[in-house]
Structure formats: C-alpha cells, structure tokens
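This is the structure I want to talk about, given as structure tokens.
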C-alpha cells in the first residue's frame, strides 16, 4: 500500500510541477480537460454497464453475459458500434436545427459541468493544487447554472421533434424543473453558507471534520430528491415515461443522435453523483473517525460516487413513477419549504460554528 | 346461497309469464329449456318497450346482441339479457326482413348496447334506428357495405 | 420504399409519407467492404434491440422472453418502445387489413439496418385465419422477412433461437446491409 | 353515462390537441387506437378504436366442424384459453346431451383456476409496468412462469392449451403432480403475499392508484362490465357462485370484492383472487375422485340436433359467453362469442374523461382487457 501511495504522490507531484510550470499554456488545460472529460465519459459508460447488471440483479435477471466474456463487459461497445452505423433520420416535420442541436446542448452542458469538478486537493511545498480542469471561486454557482442548460436541451428536443409525445415530454420537463431547480439551488446555498465559500474545493475542505450529510441531513434529502428529478430518473422520469409517451422527448431520435442524448443523461447522472459526493459526503476526505487510511483522496471520491450511483440504480429498481402533477406538487409544496427550513438551520449552525 | 338461488328461479318462471301477459301479441314461442335459460320470440317493433320492461324488472345487464342470417328472406337479432343478481339469461329473438333489416336501438336503455349494435351493423347490415354512432367498429371503413357475416358473402374464403 | 400505397385486391391503402429518408450514411459507405465491416457486424449482432409490439398470442411469449425467466438481455437484446430506436421488428400475430398500413408505417419509421422476425403461424402464412375476410396473408411480399419462427405460438426458446439465427445471418453478411435507394423502387 | 363520452365529437380548439395512442404503443399487449383530445395533460374526450386484429373468428368458425373449432377457441383470448375451451365444451355437451365425468370436472376446474392465476399475474404485471414499476412486472412474469409450467405439465402447452374435450378432458394428471403443484403453489402464495404487502405500502404506488379511475357500482352496472372491475366496485357478481357450473358448488371459496372501485381495488381484487384460486386448486387436488377422465368414446365427429345454447363461464376477465346455433350439420350455423373484454374495453373511454395522460396507461391496464378477445 505504502509504495502505491508513494507512486501516486510521485505522479501527482510530477503532474503538478508540469502543470504549474506550463499553467499558463492553454494547451495544457486542453489536454487536462480532455483527460477529465474522457474519465467522466468512461464513468458514464461504467454507470450504464452497472445499471444493466445491477438492475438485472434486482429484477432477478442476469444482464449481459455473452458479449465480451461472462460479464458482458463489451456490451456497451457493441451498442455504440451499432448506434454509430445506423442510418440518420431527421423526421420531415421536425425543426431541423433544434432537432440536431438538442443532443449537442445536452452533452455540452454535461462537459461544462465536468470542467469545475475537483477530484483531489494536493498540497505540495505548502501550496494547494486542486486536481481540476479549472478552479473557480464560484464553481458551485457555475455548476448550477450550466446544469440548467440541459433543460433547454430537452425542451429543444421536445419541440423540435415535431412529435406530440416529445412535445408533452418537453412541457413536462420545463414544468418539473421550474419547481425543482429552486430547492436544488437553495440546498446548494445552504451548503455554501455553512462552508462560507462558493468554491467546491473549500466546501470539501470544510467537511474534513464533519460531513454535511450529518450537519444538515434535511438538505441532503432535499438535494438528493431534487437531483433525481434533475437527471430524470425514476421516480421522476415523466419526461420519458415509456407507457405514456413511448420514449418521451427522445421518441423521434435514432442512431447516434439518440445515443448522444441518452449518454448525456447518464453523464448528468454521474456528474450529479460527483456533486452530491463533493458537497455532502465529504468529497475526497476519508470516513469520519477513521480518516483516509492513507488512501489517496481521489479513490475515496470515486468510491463514494459509485455508491451514490448504485443508490440511483437501486431507487430506479425499487420505485414506481410519480404522475407529473404529483411531481410538481412535491416540488413546490414539500421540497421548497424543506429547503428553506434547511437554509435557516444551516445559517444558524454556520454562524455558531464560525 | 341455496335460498338465493331458489328465489331467483321462482322469478324465472314468473318473468316469462309476466312478459307474455304484458305483451300478449308481441311475445311468442316462450320456452324455458333449463332453469337458468329462457327463450322467446318478439316482434321487432316492440323491442324498445320490452327491454324497458325487463330493465324495470331487474334485468340490468345486457350480455350480448348478435345477428343471425337466415337466407333468403329473414334475419334475426338476438338479445341476451341477464341480471347482476340472478343466473337467468333471457334470449329474445326479433326477426327482421332481409331486404330492409332495421330495428330500434337500445342505446338509451342499455348503455353498452352501442358497440354490440355497431358490430351487428357492420357484420350483417342490420340498421339500428336512433343508434347514436352507427358506423364500422371492427372492419376497415372501406369494407362497410360488404356485410361479411351474411351467409351469401362472396369474400369468404379469402384467396389473397 | 413503395410510393403511394399497398394494393390489396380492390382496396388500396394509403400510406402518408411522413418520414424523410437519407439515402445513404457516410460512415456506412466508408466502411463498407472493408475489414471494419466485420467489427460493425459484430456490434450489430450483439445489440439487436427489438420493438415491444405484441399483437397476439405470440406477443405474450414475446413479453416473456424479454424478462426474468428467459432474459434476452444476456445476448444484448433488449426491448425498446420507440420504433426509431429499434433494430428488429417482430410481426407477432395476425395482420389484418386494418392494421397493415399502421404496421407498414412502423416499419418505415425504423432506421436502417433493420430486420424482421416473423413469429408464429399467423404472421407467416395466416395460421388458422388464413381464409378470413379480414386478415392479410403472404406478408413476405410486403415486408422483407429475415427469419421465420414457426409455432402457434413458438416457445420462448424458439424465439431465442430465432435471434441467434439472425445473429449468424448478420455475421455471415447475408443480411441486407445495403440501404435501399428509393429510386430503385425495391425494398 | 352519455354516449358522447365515447366519441371525439368536435375538432380540437386552439388550446387542445389530439393525441393518438396506438396502434403501435407500448401501452398494452395487442394493438388498439386510443384517440385522446387533451388540454394540457387533462383528457377532455376519448375515443377507442378497435378491430386492428379482427380475425373474423365467427365467420371462420361457421366453416369448421365442431371438433376443429375446439383448438381455435384457445385463440379467442390466449390468456384464458382453458376457460374458452371449457365454455365451448359445456355448450356442446348441452347440445349433445352428455355430461363430463366427475374427474374431468375437477380437472377442468383445476386448469381453469391455474389459467386464471396466470392471466391475473400477467394482467397485474402489465399494469404495474404502466405505473412505472418495472421491477414488479418482471417479478409477476417470473411468478407466472411457475404457473405456466404447472399448466404445461398437464396440457403440454405453454399458452394455448386445448385441454377440454366433449365430455372429458384430453389427458389425466401426470404422476406426482399433486406434490409438485402444492409445493409450487405454496411458494407462489408466499410471493403473492409479499408482493401484496409491497404494493399496499409503497407510498408512490398508493398515490398513483388510490382514487384514480373510480367506477362506482352503479356506473359499472350501467357500463355493462363484469369480472374484476365490477367486483372492485363492490358488486358480488361471480358466475362461479351465481350459476355454479362444473363442481364449483362443492368447493369452498369466497368471491373477492372491494369497495372503492378505483385502480387500486381492481388490482387488489386480482391479487386476492390469485390466493383464492390457489385455495380452490388445493381443494381440487384433495377431493379429486379417481375414475375415467373422459368418456369411453369422445364424440369427435358429431352432428348435434338442431337447437341453440348459450353457455357462459367466469373468465379471468368476467363473463365469457358462447351462443351456438346448430342446424343439425357438423358445422355450427352461427357461433357468437360474447367476450368480457369487449364490455370492459367499451367502458374505457368514459373512465378516462377528466383524468391525466399519465393515468391512461394505469386505467387501461387495470381494466385488463385482452385486445385479441375484443376484436375476435
């Protein structure tokens, strides 16, 4: 273990030295950004794979086990190859540019979110380096802002497809997200108030003694529910409810356009899992009381994120779907008051703590 | 349970007698082949009144309306009426002329008569007067007028 | 693609053109006849998504084959609700004159490359209702059928076998991987 | 209930739109077209268009001999094939003046009830997937497989059983069947109870189902529905009790009723009926007399006397009736099928008025209408 940690530290130190030397060179950031995006992309792939296997377990099925060995690891590669080589159809009644643009906007929003996600904080020679593409002092607000772009993407797809199912799904999404972005934002503010910072790195550092899931459990619950709605997973997947709206806003999408839109959803879910880990579950800090056991922070972060993703999948396997009016009811009548209550609580605690 | 059944069987016999008493020239050939079944022939012009009478007597469930074709001259509309509280099924048959088959609709008495009437119409060409939506139900709209269940239908067997 | 409609004796059923087809796919043209085609075929064979489209008795077996007991997900075969995202259409029951235009339209909405499984006697030859006034037989004159799965209804194992046969067909490149050109007038 | 409730009477206003669910839609097995006029998500008018798999059964049956019809009755509704065989055979037995043997009666009750269980399981499964409860659907189909194997052990077929014969059944129970069935059904009973618990305690499920698509007893009677939707409204109408056929008068069972008449009650009725059917099967297996399972000579080639018969039975979905007119030849002169699903399908549009688009799937699936039987 020890040698491993040393190796990791060595690599990181090397990276940081290189990074700080050429920090001003744009291409360094470009390469780093590409790497991180690749990593999160891979994370989303892992999530799709996990979903198929783990959901299979929940439903007493086996899941993919023929493609690429007995665990079906190549299943998604096969799916991707197939989707890439499908014919490209744009329905005659679709609004062409909205139709083409929607998956791009969805994916872009996901990538923009990835840019500010810190994976670790290295202290070298007394200087702090966040392992992130870009460290902003308002990164949490930035995240909230760019994640809102995905709503436009779904609405673009819904309106641009020229299909009534898609249109209804687009409307549903807008109606839902107006109600859910508010509690999402308020719980983020509560966290920021407690940490006295809008920078995710500092929020994580503030949790080195106490995770915010313990300091403000209500905030965690509100954030988790609102996040489920934000990424459109059961019980909040009204926008693509199969039995009602065929495939919702994605009804008219085919081939790789659908693949991208589908993938953007999972990218959002993965990024959402990262955010929830960072602002509530202590990020790269180890477990409370036990400490980080000499394991590099990035592994703690990824392990916790995978747990959150498993929780998403478990929820999907265990719950039915709400009706859209009930969803909006919950958003306005339950989550927003709870989020405000939590804001009050975190303000008081934050003041005392400070 | 046994008492219930006995009580209903008493109603059986009486309802058919009541029916033929109430409509003496209209109801004929009353037959009770088994305790739970009764068959009668009725005059098509009085079907509305008879059904209203049966509904008032507690026969609140129209099971089925079917057509039967007897070429060359007549067709029958067969009603199966029963009750949610008893096992008796009354089968009423109304003969209509084959060249101009029409009979009064029961939609205002039994709500669910509508689809049965539409079905009988499209398969046999029997017109139900005052039926609110008498159009094809099961067939392609182009097939209206072919009356496929008539005995002299030329499209069966279908060689396509 | 057929223009106009389908003729059934004296009845001609109109199919409204609602879909704009691209006649070709750039990626597809690029890799055609190259060793990449093998890789592509491997991907296609292992990712046959079928459309949930039960039509009769066979539809029940089609549902059964997709869930726990038989679990087509093992082979990468999963049900999709929208025809746009499906690769395989199963005609799993009686096709009637009333349903044929809708079925044809669903087939046209699907994206190339696509395959058809004929499941059960009713779809293959009309089954017990072959001489009825309302059913349509000889479906293979209307749809380009890839695999026939006889049975009334076929057992889920037979359906799985049908999928495996289709996979073999894809690997052997005997399927219709060429996207038809509307100008040729052939399907 | 007015007839306007079943039709789309006017073109949509600017604030409304027409939504077509079907014929290909993942809503239900079997194609139908449900036209909805919606304003926002609220349904203003609904119209159900059927006939997409109309096979012209009644005409085909008039051209088949009586014994040739027997396997075809399976295909009226493939989920209730034993009931369909049974109602046809009972009609023919009445026409021919024969009586099934005692053992055959028990065997028919046994298969009918097994058939009811598997039909209800798939019905509930379809319904749970329509409220987004995919896992429960998969559990239900998994449970159904065990019942299907029990049926397969008797009849040799998974779906279309073709088991009853005039005056008997096709074959006897295989050896060791009783132990196998009791073991399998015991397990099923436990599972159904646990699913029932899960469904009655899941708050999202309750929110989706309580008070949705309510049908009062009076409305249900007016709409002419039968079977579980009617019993869920509190009407104690079950032909097994009202007009006991086969050996149902010798068996002990309750007619399951609920009071609310909403979507939840309809599914609850089915769940409890599964348990009740298991109880009936256990009694059948205990009380089954030994003896021949069929007549010495099954009348395969048969020319019944001219006459007519209307036989009916409690199908998994309600009252299944067959009206057979014989003219003395070897083929029926008229063969009329009165399916329960036809009545329930007709009652669907009025139920949808005023509900949300999201509830369409739940309500439609809770009525459990079988499209093949609606269209025939």
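Going in written order, the chains are labelled A, B, C and D, and every chain counts its residues from 1.
The definition used in the following text is that contacts are C-beta pairs under 8 Å (C-beta built on N, C-alpha and C of every residue); 3 or more make two chains touch, one makes a residue touch a chain.
Since the structure is predicted, the reported quantities are computational estimates derived from the model, not experimental observations.
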>> Starting from the defined contact criterion, work out which chains touch chain B and chain D both, please.
In response: C
>> Please identify the chain lying most centrally, where each chain is represented by the average of its Cα atoms.
In response: D
> In terms of C-beta pairs in contact, which of A-D and C-D ranks higher?
Replying inline: C-D
> What whole-number Å value describes the gap between the mean CA coordinates of chain A and chain D?
Replying inline: 45
> So what's the Cα centroid distance for chain A and chain B, whole Å?
Replying inline: 64
> Any idea how many Å lie between the Cα centroids of chain C and chain D?
Replying inline: 30
> Where the CA atoms of chain A average out and where those of chain C average out, how many Å apart are those spots?
Replying inline: 37
>> Multi-chain contacts only, two chains or more: what residues does chain B have there?
In response: 138-140, 148, 153, 156-157
> What are the residues of chain A that contact at least two other chains?
Replying inline: 59-61, 242, 246
>> Give me the residue numbers in chain C that touch at least two other chains, ranges are fine.
In response: 67-68, 81, 96, 98, 131-135
> Could you list each pair of chains that touch, in label order?
Replying inline: A-C, A-D, B-C, B-D, C-D
>> Under the definition above, what is the set of chain C residues touching chain B in their complex?
In response: 8-9, 11, 96-98, 131-138
> Taking the complex as given, what residues does chain A use to touch chain D?
Replying inline: 58-61, 164-165, 168, 171-172, 234-235, 237-238, 241-246, 317-326
> Any idea which chain A residues touch chain C in the complex?
Replying inline: 52, 56, 59-67, 72, 74-75, 77-93, 242, 246-247, 250-255, 258
> For chain C, which residues are in contact with chain A within the complex?
Replying inline: 17-22, 25, 27-28, 31, 39-40, 42-47, 67-68, 71, 73-76, 80-82, 84-85, 87, 111-113, 179
>> List the residues on chain D that touch chain B in their complex, please.
In response: 1, 3, 6-7, 50-51, 54, 56, 58-59, 63, 94, 221-224, 226, 230, 235, 237, 239, 241-243, 308, 310, 312, 319, 321, 323, 325, 333-334, 336, 338, 342-343, 346-347, 375-376
